[in-house]
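Here the chain labels run A, B and C in written order, and each chain numbers its own residues starting at 1.
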Amino acid sequence: MTDTMRTHGAPARGPSAAAAAVTTGSANALMRLTDPPMRAVQRLIGAARMPYIFLLPNLLFFGLFVFLPIGINIVFSVTGGTGLFPSERPYVGAEHYARLLDCGSYLEAGSCREDLFWRGVGNTLTFTVFQMVAMVLFSLITALVLNRPIRGRGFFRAVYFFPVLLSPVVVALIWKWILQRDGLLNAVLTTAGGEKILFFVDPGWAMFWAVFVSVWAHMGFYTLILLAGLQAIPRDVYEAAEMDGTRPWRVFHRITLPLLWPNLLVVLVLVLIRSVQVFDEVFVLTGGGPGTATMMVVQYIYTTAFANQVQNFGLAGAASVLLGAVLFVLTLIQLFLTRRRAS
Amino acid sequence: MAGLELRGIRKDYGSTAVLKGIDLSIADGEFVVFVGPSGCGKSTLLRVIAGLETVTAGDISIDGAEVTRTAASDRGLAMVFQSYALYPHMTVHQNMSFALENMGIAKAEIAARVDRAARMLRLTDYLQRRPAALSGGQRQRVAIGRAIVRDPKIFLFDEPLSNLDAELRVATRKELAALHAEIGGTMIYVTHDQVEAMTLADRIVVLNGGRIEQIGTPLELYNRPANLFVAGFIGSPRMNLLPTELVRGEAAGPAATLGIRPEHVEPCQEADADLTVRIDLVEQLGGETFLYATGPNDIPLTIRCDGQSRLVRGDLLPVRLRRDHLHRFDAAGLACRSEPLPARSPS
Amino acid sequence: MTGKLRRLLLARRGGASWHWTDVASYAYLALGVLLMFGPVLWLALSSFKTPAALLEFPPSLLPMAQSEVSVPGYPQPLPLFQVTMEDGSVRELAQVRRVGIVAQMVDPAAPGQTIRVPADRRTPVRHMALAVENYTDPLTQFDFLRFLRNSLVVTVVATIITLIINSMAAYALSVYEFRGKSVAMLGVIGTLMIPITIILAPVYLVVTKLGFVDSLWAVILPGAATPTGVFLLRQYMLTIPRDLIEAARMDKASEWRIYARIVMPLSMPALAVLAIFSVMWRWNEFLWPLAVLTKTEVHTLPIALNAFQGELQTQWHYLLAMTVVTLLPVALVFAFLQRFITSGIANTGMK
């Protein structure tokens, strides 16, 4: 390490300088390796066509792992059989879609031919509604509190934020451990004179904790966005309101909320997009149970394609296309809102 | 070192024509300054020469070799940018050696060249610093040093002094002149500051609205402006322009406008006066005095007097225009002369 | 002195007097700390408990174990209890066995005599004991090191690939004007709308065709090109002065050299943000690896954890310890780069 630094003539300034020297050293080596071929390419095709070379790897990845799969997905959704390769799959037309959408009554999952899919849709809807309300409410309150002149704001912000970085599996296991039959929460309940509750046996409780845990894990992220929005509101607007003798609630209602609204809208749509795709935490926490009480659409797709005895890529593909259509619309709305916020 | 030839250079951005046909040849070793008001196309012309912009029409050759389609990196020119464009993540030494490394020059040779340039520009003590740790003047010198080490065919300067304060600008200007005298390269220099143009240039190219108005040595431009634009642009304070009929005994002839520089307007006896003006403002600079006055028909007139003046605002002053320094322009704004004009590019 | 302390603790910023909203704010934040940190702390404490301690109900806060004592004449060490005797005195006795509501105990100092004590008169003698074997056993028993190594490989390799190809694309889309640029931009935006969740099966097909199933490449490659990364880097590169790039061109640098020697070093802050995010994404990634990594040898930590919680329902002591290990790198990264991460998120609105 010292040698590297000497050859670069940089004075040693602790480990960071050493790290920098090593980085530049390896960067130089990489440069010596890549420069001659890239130079030759540039001579061959001209500097004006070089951007295509720079774009190529990324677009290749996008093509292979996003655009091509979208096409295959559509092919899957209109072909049947158990084969993975399109050549092994007979064309069945809209059969999968028909099967998914074949319902006696759309309000009663049991009356549908693919009742699991509709249970997934229903659960996802329930989850989405409760999660959106709770998520927006708590991140807004937290952001408002953190925006006040409090001591240790950085610390508190970090406290609310850190679960965002945890793996969904870790999040789910942490809570599973607390909520289990002889867990911490039941210990607290019994010491307070209550009775043990089997949280994962009761469908209502299972859904409650699914929502709770995902709010716990992600509210820090939305709090940050809202806090950034709150801090972007100029101080003098509040000072002017104070000079006018505006009451606090009115300040919130007439100043904070309207000025924060664009951020709030973005948060709403982001929460919506993410909760429609919810899978990881809930799957590890409840396994979709009890029964199918917390089985979401994505879990249905995953199970249909991979976990079942018979892998039904056609049905999973059709369900994916339907989910994709919903997400597409939601993302368009999000992009529209973000752009409006930017302008 | 090399000469440069531009033939019929045109540059359009969409439907806007920025350069409307530029013909120019620059000799080996010459210091040429492009000057003109902002938006005249001088910077675009420099970037076209550099190869940073493509031309819409016309061709460029360096040393007789056609380079119109050659990429900037292959033209062998060096450029000093207005912002200096120093690489902020590299030391002064690395900034100066970057181009040489790109050219594949041996390490020992690079070190020698950088050392030489650093000594010439008094940068030896700063070679291990990053640009952020340098003063404005030092950054400026690094930018020049980065060009010098290259030993380029032509040096291009894009308003290199405009980010310096007044004092430093004068000092650096002198250094640039000395540098040109020392290394003698072909240099093309863009500025909107006519003092820089006058003091540095072997030849000045005055640009306006995408065309060349006049090419000539500084004194040619000063003494014999080819048209009203050059007359008004070169010289500070500006040349006075008066309708011919206002001046006694000048009504006849093709000239529609008379031009006279402030130093060629002399206070005189009432009887000898061409006009009588009323003083609006007196600027005492100690060694000289500028009088801003209004003549008949509210024509403004600037007068430069040596030494100090007792005149005050409101005084009436009879003045005489020195006949041997009177510039005459026709109705189209061109100088009235018997001999053909040196340059006004055909449109 | 107390006055000073009071002022330090109670003074609001700005020095104004307390209002009920201040009290409510701090109460809310205190509750938040308990609710956000508590569970993780509980996990960490629990992970050091012995299997026996984990089964206790109600659980003890700290990892405790019952003290045991070797008594001559008994082959196994005996559990130690505090016993309130009938005369009200308290003795420390070792329990030989328990029959119904009566425990047979001996005094370790005088092992010859058996004392019969009602079971409800005893309380276990406990001491703090960290069950470090929860952490060390999985290393030898479950190939835990392999999962750790898999996760590390995936995270590091994927992050390097992501940084390289995303920065190249961002460079092309920020520095150049070229035919098809808007189409390329649209393509990048388009991928933003397609989460892996809805193309699981077809990506699986592609990966199978490429021969990557049950290799770490199957996890590394599909997510390497990220639209968020391209956008983030492009936004940053747009702020690099054009002059620098033109100066490099005048300095006879090839386009690749401009990318590698000028634009990349100058984009370090954005690259660092993307690197952190990529590390987080990859370290925590779950659904796709779950679908594509079926063999145990290639499991990453989250997948292994998920498998364990299915298989080893009763082995919570190992599971908790491994969860802590999975959580630890993220916690460390966060502790050191907290400000960087939060401001990065606030500025880009991505995660």
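Heads up, the rule we're going with is that a contact is a pair of C-beta atoms (placed from the backbone, for glycine too) under 8 Å apart; a residue touches a chain by one contact, two chains touch by 3 or more.
In this text the structure is predicted, and so the values were computed from the model without any measurement.
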Original post:
Among all chains, which one's averaged Cα position is nearest the averaged Cα position of every protein chain shown?
Top reply: A
Original post:
By CA centroid distance, what chain is farthest from subunit B?
Top reply: C
Subject >> Where subunit B and subunit C are represented by their mean Cα positions, the distance between them in whole Å >> reply: 65
**OP:** Could you give the separation in Å between the centres of subunit A and subunit C, each centre being the mean of its C-alpha atoms?
**Re:** 17
Subject >> Inter-centroid spacing, subunit B versus subunit A (mean Cα positions, whole Å) >> reply: 59
Original post:
Which subunit B residues touch at least two other chains?
Top reply: 71, 73
**OP:** Please set out, as single numbers or ranges, the residues of subunit A touching at least two other chains.
**Re:** 47
**OP:** Would you mind listing the residues of subunit C that make contact with two or more other chains?
**Re:** 254, 257, 261
**OP:** State the interface residues of subunit C toward subunit A in the complex, per the touch definition above.
**Re:** 12-14, 21-22, 25-26, 28-29, 32-33, 35-37, 39-40, 42-43, 46, 55-59, 164-166, 168-169, 171-173, 175-176, 178, 180-181, 184, 187-195, 197-206, 208-209, 221-225, 230, 254-257, 259-261, 280, 283-284, 286-287, 290-291, 301-302, 305-306, 309, 316, 319-320, 323, 326-327, 330-331, 333-334, 338-339, 341-342, 345-347, 349, 351
Original post:
For the complex, which residues does subunit A have touching subunit C?
Top reply: 27, 30-31, 34-35, 38-39, 41-42, 47-52, 54-55, 57-59, 61-62, 64-73, 76, 84-85, 141-142, 145, 148-151, 154, 156-170, 173-178, 182-184, 186-187, 190-191, 216, 221, 224-225, 227-228, 248, 266, 277, 279-280, 284, 298, 301-302, 305-306, 313, 316-317, 320-321, 323-324, 327-328, 331-332, 335, 338
Subject >> Residues of subunit B touching subunit C in the complex >> reply: 50-52, 71-74, 76-79, 81-83, 85-89, 98-99, 102-103, 146, 150, 156
Subject >> Contact footprint of subunit B on subunit C as seen in their complex >> reply: 241, 243-244, 246-254, 257, 261-262, 265-266, 268
